[in-house]
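You will see two complexes here that share chain A, one where it goes with chain B and one where it goes with chain C.
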Partner chain A sequence: MTDTQLALDRVTRVSGVRGALIASAGDGLVVAEQLMDGVDGRAAAALAGSLVGRLVRTAEGAGRRPPAFVQLRAERGSILAAPCPHDLVLIAVVGPDANVGLARLEMLDAASRLN
Partner chain B sequence: MRALEPWVEAPLQAFLDESSARLTLLMTSSGQVVAQHGFSRSLDVMTAAALGAGIGASTEELARLMGSPRFGALVHHGSRQSCLLSGFSTPRGKWLGLVVFGPETSVGIVQLFFDQMVEQLAAAAPRDQPVAPALPENFEHELDASLKALFGR
Partner chain C sequence: MSDDIRTLTSRLAEEPGSLAFLELAEALRRRGQLEAAVKVARGGLSRYPGLADAHDLMAHILSDQGDLAGAFDAWADALRLDPMRTGALKGIAFLYFRAGDSTAAIDHLQRAAEADPDDESIAQALARVRRESRARAQRTSAPEAVVEEVSVAEPDTVFEPHPIAVEEPPAHPVEPSSPFADLDNGDALLLVDANGLRLAGTLTAADGAESGDRVAAHLAGVSREAARAARLLGLGTWQSITIESPDAHFVLVPPTGETILLATRETSLPMARVVLVADRAARVARQWLERVQ
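On to the complex of A and B.
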């Protein structure tokens, strides 16, 4: 199993996670994905990649370190994103009942291993 | 943004709002311009449309040689700006979209909203009008009229 598959596997095992993907932050394109039916990975990669890229640039513009983890909470779930080395971003689409704390830990650990 | 047919305007405007594209050209596969955004000179539009149609025809032939019906999109990545060329089917015939975008957006965003625009165009296209031939007899006159409409002069 490759590093990317291993990372996605760890994240998708967390309760309530509907899918995970690795995207290129600059391009917003999917690199690898493990998604349930009905989850649009291409849209998640494009929009979350763009969001993370803008947040990183905003933090840098304010003289701060880039964010290590981003949670975008909505009515019916959340988008979680963890920037990784090599301009990649690990993204998870989670439902409202997801264990976000555990998902965050798994994502941060998985992101640090993606070298 | 200017379009020759009013039903193109709303889908194209939505695409422009969401994608942050710098330049956009919608044309038929023969290079007849349907709508444009961002171009300031008609000469640039004519050149871009002719080149885009030529590239579209070349890539379609390459795809055919490789046993694929067509390529989804062709993307040129540049350091300061990039270019997406994508062919798509509409009830009015086969069209091409040429989009130039900068680092303020991403190819993923542009492709995502381009595909949404294609769906909206397919839904909005009037079905009761006959599709015009690729190269009508009065092509030059139509081209001149189209450019006047697109540039308002």
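On to the complex of A and C.
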């Protein structure tokens, strides 16, 4: 199993996670994915990748270091994102009852291992 | 020393690592021995910093002591560990109500009601807060009615942890030119329109320079993009974005469909607390926008 597959496997095992993927932050292209039916991986990659890019610039504009973790919380779930080395971003789509705390820890750990 | 406190003290002495401190601190609190209760609760918290019950109990004690800021922090810690903890939601609702922020009080009570729909005391507290909120609004528009309404208000026992006193609206209404002036750290709040222009607030960068306009420009379109992402992934309306940087916590919330609010704090403040700060600032921003538009 490759590093990217291992990373996705760890994240998707967390309760409430509907899917996870690794995308290129610059152009939003999907590098690897593990998604449940009904989750549009390409849309998640493109939208989350673009949003994370804006938020990185926002943090830098405020004179702060780039984000290590981002959560977009919505009525029926969240999009989680952890920027990785090599201009990649690890993204997860989770339901409203997901264990976001555990998913966050797994994503931060997985992102740090993707070298 | 009463028998129950003696028994609990002995039990804790025999098993210092047990959870007996919870019962002992609560017994001391009920007897009004608040200093002793704080000591016992602090000792327990040092052993069990991840126990929501312990933070909840500490909040009750601090609230009894009149340390409302400390109580708020302790309930926020309890909620961070257990977001659906009704005791903490009710406690924070109580503090917001005391501070004159009925909207925030109702928000927290509604969350408590969702977490425990069978708890009648929550529904009663919600009804009480809504009634008092309407009364406050009427007093604001008809000041001559204040004395009479306050005098007929009945003591309330349903809104635990404490009865609600009928209070006047906040003494210092927010100035139209400075919506965040009355909030703690109001200099780290920024309200931005859909085009990336700063509407209100300031932001100081880590090097001390003013960075509000630059950050506002980067936030142009973030609200639309977040709305699109949430909608296309079937997640409904977006509510907040939390951003963890190694040296700062940022929270974005949409006070209205056309604006976005950024709250930033140092990483020493837990993210859940920064979300509370942002939610409160968003309510203030909404009121301010209604006034200035």
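Simple rule for what comes next: the second predicted complex is superposed on the first by the 115 of 115 C-alpha atoms of A that agree within 3 Å, B and C clash if a C-alpha of one lies under 4 Å from a C-alpha of the other, contacts with A are read in each partner's own complex, and residues count from 1 in each chain.
We take it that a contact is a pair of C-beta atoms (placed from the backbone, for glycine too) under 8 Å apart; a residue touches a chain by one contact, two chains touch by 3 or more.
Keep in mind it's a predicted model, so treat the numbers as computed, not measured.
Asker: Putting chain B and chain C onto chain A via the overlay, clash or fit?
Answerer: Aligned through their shared chain, the two binders fit side by side on chain A.
Asker: Classify the contacts of A:29 with the two partner chains as first (chain B alone), second (chain C alone), both, or neither.
Answerer: Only chain B is touched by A:29; chain C is not.
Asker: Is the number of chain A residues in contact higher for chain B or for chain C?
Answerer: Partner with more touched residues of chain A: C.
Asker: Just to be sure I read the superposition right, which of the two partners does A:67 touch: chain B = first, chain C = second, or both, or neither?
Answerer: second
Asker: Kindly classify A:21 by the partners it touches after superposition: chain B alone (first), chain C alone (second), both, or neither?
Answerer: neither
Asker: Touch check for A:49: first (chain B), second (chain C), both, or neither?
Answerer: In the superposition, A:49 touches chain B alone.
Asker: Looking at the superposed set of three chains, what is the minimum CA distance between chain B and chain C in Å?
Answerer: Superposed model gives a least chain B-chain C C-alpha distance of 8 Å.
Asker: Which parts of chain A are in contact with chain B and also with chain C?
Answerer: After superposing on chain A, chain A residues 43, 47, 50 contact both chain B and chain C.
Asker: Which bits of chain A are touching chain C when the two form their complex?
Answerer: 38-40, 43-44, 47-48, 50-51, 54-55, 57-59, 61-79, 93
Asker: Within their complex, state which residues of chain B touch chain A.
Answerer: Counting only chain B, the residues touching chain A are 105-109, 111-112.
Asker: Any idea which chain C residues touch chain A in the complex?
Answerer: The touching residues are 203, 205-207, 209, 211, 214-215, 217-219, 221-222, 225-226, 228-230, 232-248, 250, 262, 264.
Asker: Show which residues of chain A lie in contact with chain B when the two form their complex.
Answerer: Going by the criterion above, the answer is residues 23-24, 26-29, 42-43, 45-47, 49-50, 53.
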